[in-house]
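Written below as structure tokens is the structure these notes are about.
Labels for the chains are A, B, C and D, by order of writing; each one numbers its residues from 1.
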Amino acid sequence: MITRRFALAAASLAAMVYAGAAAAQTPVTIGAIEILTGPNNKYGVAIKNGFDLALEEVNKAGGVLGAPLAIAYEDSAGNKDQALNAARQLIGGKKVPLILGPTLSNEMFAVGPIAVERKIPIVGTSTTANGITAIGPYVFRTSLPESDVVPVTLRTAKEKLGVKKVAVMYGNDDAFTKSGYDVMKAAIEKLGLETVTTETFGGKDTDFSAQLTKIKSLNPDAIVVSALVEAGAGILLAKKALGIPDSVRVIGGNGLNSPQVPLVAREAADGTLVGSPWFIDKPDAANQKFVADYKAKYNMDPDQFAAQAYDTLFIVAQAIKDAGAPNAEKIRDALGKVKHNGVMGPFSFTPDRDPADTSGVVVIEMKGGKFQILK
Amino acid sequence: MFAQQLVNGLVVGSTYALFALGFTLMFGVLGVINLTYGFYLSVGAFLALFATQHGVSIWLALPLAALASGCVAVLIDGLLLTPLRRAKAPELASLMVTLGATLLLYSLANAALSTDIRRFPPGVIDANALEIAGIRITMTQCLIIAAAGIIVSVLLWVMNGARIGLGLRALAERPDAAALMGVNAGALVRLVSLASGTLAGASGVLIGLNYNAIQPYMGEVMMLKGFAVIILGGLGDIRGALVAGLVVGMLETLTAGYVASSWKDAVGFVLLVLTLWIRPSGLFGRLAVKRA
Amino acid sequence: MSAPRLDVDCLTVRFGGLAAVDDVSFSVAPGTVHGLIGPNGAGKTTTFNLICGLIAPTGGAIRLDGRRIDALPSWGRAQLGLARTFQNIRMFNDMSVLETLMTGMHANLAESLLASLLRLPSFRHAERAAIDKAWALIDFVGLTEAAHRRSGDLPYGDQRRLEIARALAGEPRLLLLDEPAAGMNPSETQALEALLETLKGRGVSMLLVEHDMRFVMRLCDQITVLNFGRKISEGSPREVRADPLVVEAYLGAKVARSLEAPP
Amino acid sequence: MPEFLDDFLFTYQTLIYALGVNGLLALSMYVVLALGQLSLGQAAFMGLGAYVSALLTVKLGLPFPLVLLAAMLAPALAALCVGAPTLRLSGVYLALATIGLGEVQRIFFINSELTGGALGLSGIPTKGGLISIYGSLALALIAFAFVARSKIGRAMEAMREDELAAGALGVDLPAYKLGALVVSAMLAGLAGALNAHVSSFISPNDYGFDAAVTILSFALLGGIGSPFGPVLGAFILTLLPEVLRPLADYKTVVNGSIIVLAVIFMPRGLLAWRMGRAGAATGRPK
């Protein structure tokens, strides 16, 4: 909480220093619900870092509607009830005209209906599960759903690497990895790939030898994995230890698109393929500035959660400006029309409030601990 | 493939056994289910991690970290359980107190160390797998299997043969009578805590080496499996813990390999429930009778 | 209520290879006080626990009025009218004296769950009757002043009496007393003896384990002597006292003890 | 409704519901602890109630009262299965067996198509609310307070203080233990069902080991001398993180400390209050 209050204070302070005239105004405050504590807080903290970095820039450039923009953070701790409480606080108590977050798709399934009930736009930056925006007409998301990314990855693997037979592994006890699997399964069928076996594991498992031994005996061309960092790195290590050849690539979902993977799996991570609208070494100038600023401010590398949050804040700020007033209904209408060119590439919403543009998606492969575009 | 799966099962099973040994020893002698036990596993792994990061050889870091975990175990036992023993509190009180302590310790560890997954520095141990007749096994895995076997033999020898074992068994069966017989109960309690904490710490280092995944909550995950193993083996039964660990590990691996990996984690708990229904005293049938 | 007859037939229990109670038989006749004595480790408390159902026998039979009870759990035997006290007092520390006695009436108190939930008249009558009966018992054992005190806070002698009263509350047909005078001072022992005499006068059968020989000899009609888990003698106090085997067992133990202890 | 009241109810609705549901859960824990047993399966029973009720509402559209009944019966059955074999063993077996139940159930929910796997069930229609939650809580409280002041309540306390002595007085120990576990499971199931129908979304990981420990800390904070203690404990632990926001970040630390401190220093609960056990005035007869 101390950190949260500090962040708020810092944000307003920054606004005062950089935007003299605007400082006189009470800030326009929007809400954000993220996992700031607990076992999954690395996602929430990265997102908050992304927001704060962008917020600084927005306020340096004069804020919105002649006033600084501020974010009131609420911690969900990854707990659905706490996320619900947070949303009700923000809507009923702080009367925010817009909510950013929450971090997990599960939390959005709980919180979304409340925002819809109160007609407050809510913008997920990391909620990639299927059916998120179907919750209601006020639920937006800026993260490309897995269903937009995974087919690109698999198609590229098929075309460039000649993958025909795949084995599938997914974490079945987590909504994120399970919905990632659902998307993979559909894409595999659509591309006409053969699935030799489908194996599951638990998010906290460390032993994958039984599943991989079985997979090894079935000789697939690639292993398609829907996992978060921990299990994903474990799978890569076990794959190497069991002597599955490097030519059998691991094709991952969003969960494997993390700088943590090579930190743990080291050389075993080489060859991993993921699709993403963003990766840290993306060469354009906007991204290089973002990465440099982020490193300078937080002394660590940004991940895609931070990048998505960074872009989202600009999109939201734009919408508030376009709306002309901090009014939920007007902001919602304006959001639908925003066009933004950020570190993730060109962005706009579909009529169903999902990201419209998938042209930014590239397939990247791990080489020597870094992602680079698959040639 | 079958042979490889058997080896996989043997490794997983030895891991469980290694973990369950100290757990069941604690129950067998001290008569409490000490839920903080899993935490000593995390302690061992992290201490060894920090030591090796500072250039200490793993062969030195392993025993030091294990022993340090043992000391933590003695400390926690002294803080939490000794007062309860003195007050002759019911056994469930100690179960609850260690439950609360577990929650506390893991939350603090998560806050201090973050939940990021970590790994030993490269080259602390030869990570390349040996390949014998198509079966691959790493050095660490051999070490785990050997450790489980050796530790069980030593424990059985101590409990049944050595002089100190007599005192331990007396303490287990009649704590008050043991005191009358001149057994220094306090010292023995500390010794048992030290021994089981050390076992937990050592298994933490080995597990961390084998799976390359060190996290504060690694002990918590192991703990749930640990319950199944010690019940199946019979609470307090050392030989039972070894066999049950191997059985659970093997069955899990075979379930994942030949039935469905989604049911792998259910194996241990189904065995637990079956044991309670059919033979609550565990595989070797030495029932931990309630003390009147 | 008629006093029952307790028959213990060839009772045996082994722990490991050791027979703690070995082929012991005796009977408690209706309305009598039966003593069970013997040197330390003779198997008295074990016999007691076998009769109450805390330990399962290896062999033999226990009958209450001719009905086998050795397969019943302890509460089943209590429901048939067997009540006991413990060698180390077992209080319900947080309960008041009055509540403790009401708890003692458990087996005989007719209160259904439904009646308690709905506070039906039947429930209220039962509770009122229980409270009245508890007061009568409190007066009987002389704890009137302490009626509302926490039983864990009572002095030792009062706790002993409360434990006996708790056992009596269930209107037992046979009362098993495990060293009731242990740890009492002479005046407390005297009060206890008077209490037990009164009970005997009311026709309650009792089985008594006790170390205080004078106490046992005065109170008991019949005595069974155990040594090393076996019955070595049985009869009236006078007969038992005269039995050379008994003298030897006790003397032997005494001599052995005096040899062990430094002068 | 005036706007400020509407805002207030909206803002604190989740909290208000959570207070009631957690109160019920604390009571479910109380029944077991009150006779000296420990169940770590309360979260599992809650989850079973939640899933059964949600499925019956969503798939079959059964009327709500019937759904609630089913949500109580299913966990009761599970409690019988786990409780029966462990009753004659020492209390640790029940504690470990209920942990096992929770895990088996979680694995089932994750793998079953019917329960939506890890994605859980979303779009559960809102049913019940203030009246059904607080009505159940009030009914349960009154029932437990009445039972506490009766033969059954005395037997339960006797078992907690000294099981051996209670047995010697004719208290049928296994029947009481099993009865308490079943009642406890039914209450937890009811709490789960009520919660599921006001939060629209449930998933398997909501009912894990952490939840079980939290429920235990409710009861231990409040103390088990009376049924009111655990409910108060639940209220405090639910409100505390909302009132003192800094505490929210350390919720698990707080819960853990409460358990440790309560057991070692205040075995009667931090809010020790024991209610009398007689169902009528205990004065001398006139």
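Quick note on the criterion: a residue touches a chain if its C-beta (ideal position, glycine included) is under 8 Å from a C-beta of that chain, and two chains touch if they have at least 3 such contacts.
Quick caveat, the model's predicted, so the values are computed rather than measured.
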Supply the minimal count of touching-chain steps required to go from chain A to chain D.
-> 1
Where chain B and chain C overlap in contact partners, by chain label = D
Where centres are the averaged C-alpha coordinates, which chain has the largest centre distance to chain B?
-> C
One chain's C-alpha mean falls closest to the whole-protein C-alpha mean, and that chain is D
So what's the Cα centroid distance for chain B and chain D, whole Å?
-> 31
Mean-CA-position distance for chain C and chain A (Å) | 73
Computed distance of Cα centres, chain D from chain C, in Å | 40
Chain A-chain B separation of Cα centroids, rounded to whole Å | 38
Of all the residues in chain A, which ones touch at least 2 other chains?
-> 172, 200
Considering chain D alone, which of its residues make contact with at least two other chains?
-> 110-111, 164
For chain B, write out the residues touching at least two other chains, lowest number first.
-> 262, 265, 292
In their complex, what parts of chain A are in touch with chain D?
-> 1-2, 36-37, 75, 77, 80-82, 84-85, 88-89, 91-93, 106, 109-110, 113, 118, 129, 131, 171-175, 177-179, 200
Where on chain A does chain B make contact in their complex?
-> 38-42, 172, 199-202, 204-207, 209-211, 213-214, 216-217, 229-230, 233-234, 237, 241-243, 260, 263-266
For the chain D and chain C complex, residues of the former touching the latter | 143, 146-147, 150-152, 154-155, 157-158, 161-162, 164-173, 225, 268, 274, 276-282, 284-285
Spell out the residues on chain C that touch chain D in their complex, using ranges where they run on.
-> 52, 54, 73-76, 78-79, 83-84, 86, 90-96, 98-99, 102-107, 109, 111, 113, 116-117, 119, 123-124, 126-128, 130-132, 135, 148, 166-167, 170
Partner chain A, residues of chain D touching it in the complex = 7-8, 10-15, 18, 106, 110-111, 117-120, 122, 199-201, 203-206, 241-242, 245-246, 248-249, 251
